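These notes concern the structure reproduced below.
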Amino acid sequence: MSGAQSTMQTPNSRREARLIQFKIGLRRVVRNPSTLVGGLLVLTLLVMALIAPLIATHDPMAQILTDRLQPPSSAHWLGTDQLGRDIYSRLVYGAQPTLLIVILVIAFSAPFGLIIGMVAGYMGGWVETLLMRLTDIFMAFPRLILALALVSVLKPGLTNAVIAIAITAWPSYARLARAETLALRHADFVEAARGLGQSGRKIVMGQILPLCLSSAAIRATLDMAGIILTAAGLGFLGLGAQPPMAEWGAMIGTGRDHVFDAWWVAAAPGVAILLVSLGFNLLGDGLRDVLDPKHHD
Amino acid sequence: MTEAPLLSIDGLTVSFPGEDGPVAVVRDFKLEIGREKVGIVGESGSGKSMTARAILGLIPKPGVVMANSMRLHGQDMLSLDKTGWRRLRGKRIGMILQDPKFSLNPVMRIGDQITETLQLHEKISRAEQRERALEILAAVGIDDPQRVYAAYPHELSGGMGQRAMIAAMLVSSPDLIIADEPTSALDVLVREQVLKLLDDLVTRRGIGLILISHDLPMVARFCDRILVMYRGRVVESLDARHLDRATHPYTRGLIACLPSPALRGQVLPSLSRDPAWEVA
Amino acid sequence: MSKAAAITISGVDVYHGHGSQRFHAVRQADLTVAPRETFGLVGGSGSGKSTLLRVLAGLLSNWSGAITLAGQVLPPGERPPRSYYRHVQMVFQDPYASLNPRHTVDRILAEGLVLHGFADVEQRIRHLLDQVGLGPRFRFRYPHELSGGQRQRVAIARAIALEPDVLLLDEPTSALDASVQAEILNLLMAIRRERPVTCVFVSHDLSVITHLCDRVAVMQQGAIVERLSGDDLVARHVQHPYTRQLLAASEGLPA
């Protein structure tokens, strides 16, 4: 304790205080091997999505029918598909819809689930019963099947895939937030905030939310792997991103017909999905070691 | 004391890895204890609890324990492996911790926890086990042993829980009890009852006791001698009846800063720490 | 402030839980505390002393009877209006639990000031940190970077930030080392000298109570069993057997 204090810089402003905390967190992340590997994989996905036009060697939509189903070569690093499109370039561009789906799903489901769970945990009584039963109902649906049903009712496409996945993704955040809130509801610092005259809304958002965030971040990172798989599954079945958009699941779907004579068409996006899911899982596990206060003394 | 010491420790050092090499939290601790009550007093960070943990073989992982010698009844403790330590803690050394909730098994009835230990030590029938357990519960001053026998730890008040823990520990009739802040979660009335109980047991059964606390007056009333620890080091060893003969400025400062009728409503002297106290 | 009492409590009953689980925590409590007085509430665990304090702090609403605090009528059975909290603030027992681990000292102190519409928040925070003996270098620290005594100073700064008429202290030193306890007690006395504040101090430690309090009420199983002056306590002029027991226990004498 005293050792930590002596090496600690003294922050002089709010921003500096946050920066120091961030640095400490970053140092812990880098020291943890699984977080580092996971983080690098996820970072690669991010960079790929952002600078796709720069690193792609071909136009992902350009069809050169004479070059159909070419095996990997120096001209086409990962070969070409049945329409003569460059698979490497499609893979690079495919990072965009993948990342977009993940971000949109988390952006919808995490805040919604957190609020439902925190309100349930803080209010208690019939509000809690109502909200948590609702959560249970949504949690009971198998994710892929609900997504399939929804997308086929609405209309296949990226947006509807996002909506379908988000609807099944929020309950886990609600459960998590409720559990954390129940543990914190009568903590002295929450009582102290009440004793200052803070309203219930302010206490939930200002006192309880910050303490739920790290476990929600861990949950979200671990969830992302599942979201990617579900999105790819929808794409594979032709219910997610629509052709000619380069999306990994859809790419596997079209590669399926040529698995025996041109394995690279399905294998390349398959490996990409595997690596990215693995990356998110490793990062999530590592973040849990780093962030979760319950894992420290 | 003429007989051989129960526990003798020399040069005990406990350290943890820090950013710039190992940090010693206990330095060069030395103690010989017979069938007597020894208090270890110090403030948070003084290393008193780490000393207790080291004697129990309970220093958590990156921590390193070193000593010139550590002997219980002449048996070398430094060469013990995990099983050896566990046997030692179960049979020879009893421990009482601040919060009974952490040391009793929360999903087991009190009675079962006591009979479980009984089974380890003696081969007696179920009925006899129950009989013995009830006796022990009564012996630690529990008025309705039947109820406590069937209760789970969370159903007991702080004082009751502490008594139940003492009972569970007494079953194996240890030679030495280490009590780390056994009463600081209790209110004054219950505190005195628990202390009285411990005192009776120790005197009657001839058990050695190490009482660890931050409460100097309480330890002084209860123990025979006192070791005062500061930053991992014993700075003074005192006869408990003569607190007023304390010579170390830290001990004197600890005594002086307590509220007393003479200082009522006045500014209490604050303890100014001298870096020189940290070096022997 | 007028000559009227700072706090009047009459016929107050407090209940925990509902139905068959209902527990009568405080029974028919009557108390009057004069302005600027420091009043001690003493008792063992389960005596109802902390419960009564939480009612005064506006943290519990399941009570009946009548309470007036600094001219404000505390409405039974409901949460008081925000303005009530401006008049009364509380310091909790465990400084490790009473500060939000994710908030800096700055935010902890700013929260109440902003909520109650104080101007010059910046300046007040700086002044508060000086007042509790911490100084500006602690302003942007997180609670885990502070010692127990420093945390309790932050909690005290938070409580006095709103310049309350009444300060409620729930065993604020019982989790601290003796030397830190002395510093915190000194700080509380300094605050009392500087500002016209009425204090209610809850503890089971009679030496601390005697040190600070002008008058004392002894509680046992939810009821006030004896009222004393601090001088009575020093001189051991006590009547009730429970008070005698407490006195004996705190000095380690047979009752």
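The letters A, B and C name the chains in turn, as written, and every chain counts its residues from 1.
Following the convention adopted for this analysis, a residue touches a chain if its C-beta (ideal position, glycine included) is under 8 Å from a C-beta of that chain, and two chains touch if they have at least 3 such contacts.
The model shown is predicted, which means the values in this text are computed figures rather than measured ones.
Novice: Note the shortest touch-path length, in steps, from subunit A to subunit C.
Specialist: Shortest path length, in steps: 1.
Novice: With centres defined by CA atoms only, which chain is the most remote from subunit B?
Specialist: If we average the C-alpha coordinates per chain, A ends up farthest from subunit B.
Novice: Taking each chain's centre as the mean position of its Cα atoms, how many Å separate subunit A from subunit B?
Specialist: It comes to 50 Å between the two C-alpha centres.
Novice: Centroid from C-alpha atoms only, then distance subunit B to subunit C, rounded to Å. What do you get?
Specialist: 32
Novice: In subunit A, what residues contact two or more other chains?
Specialist: Residues 1.
Novice: Please name which positions on subunit C make contact with subunit A in the complex.
Specialist: Going through subunit C, the ones touching subunit A are 54, 57-59, 82-86, 89-90, 92-94, 97-104, 106-107, 111-112, 115-116, 137, 140-142, 145, 147, 155, 158, 162.
Novice: Could you please specify the touching residues of subunit B with respect to subunit C in the complex?
Specialist: Per the touch definition, subunit B meets subunit C at residues 43-44, 157-158, 186-192, 195, 214-218, 221-222, 253-254, 257-261, 263-265, 267-271.
Novice: Which part of subunit C faces subunit B closely enough to touch in the complex?
Specialist: The touching residues are 44-46, 148, 177-183, 185-186, 189, 204-208, 210-212, 230, 234, 245-246, 248-250, 252.
Novice: Touching residues of subunit A toward subunit C in the complex: what are they?
Specialist: Residue positions touching the partner: 1, 4-5, 8, 10-14, 16-17, 21, 187-189, 191-199, 202, 206-207, 210-211, 293.
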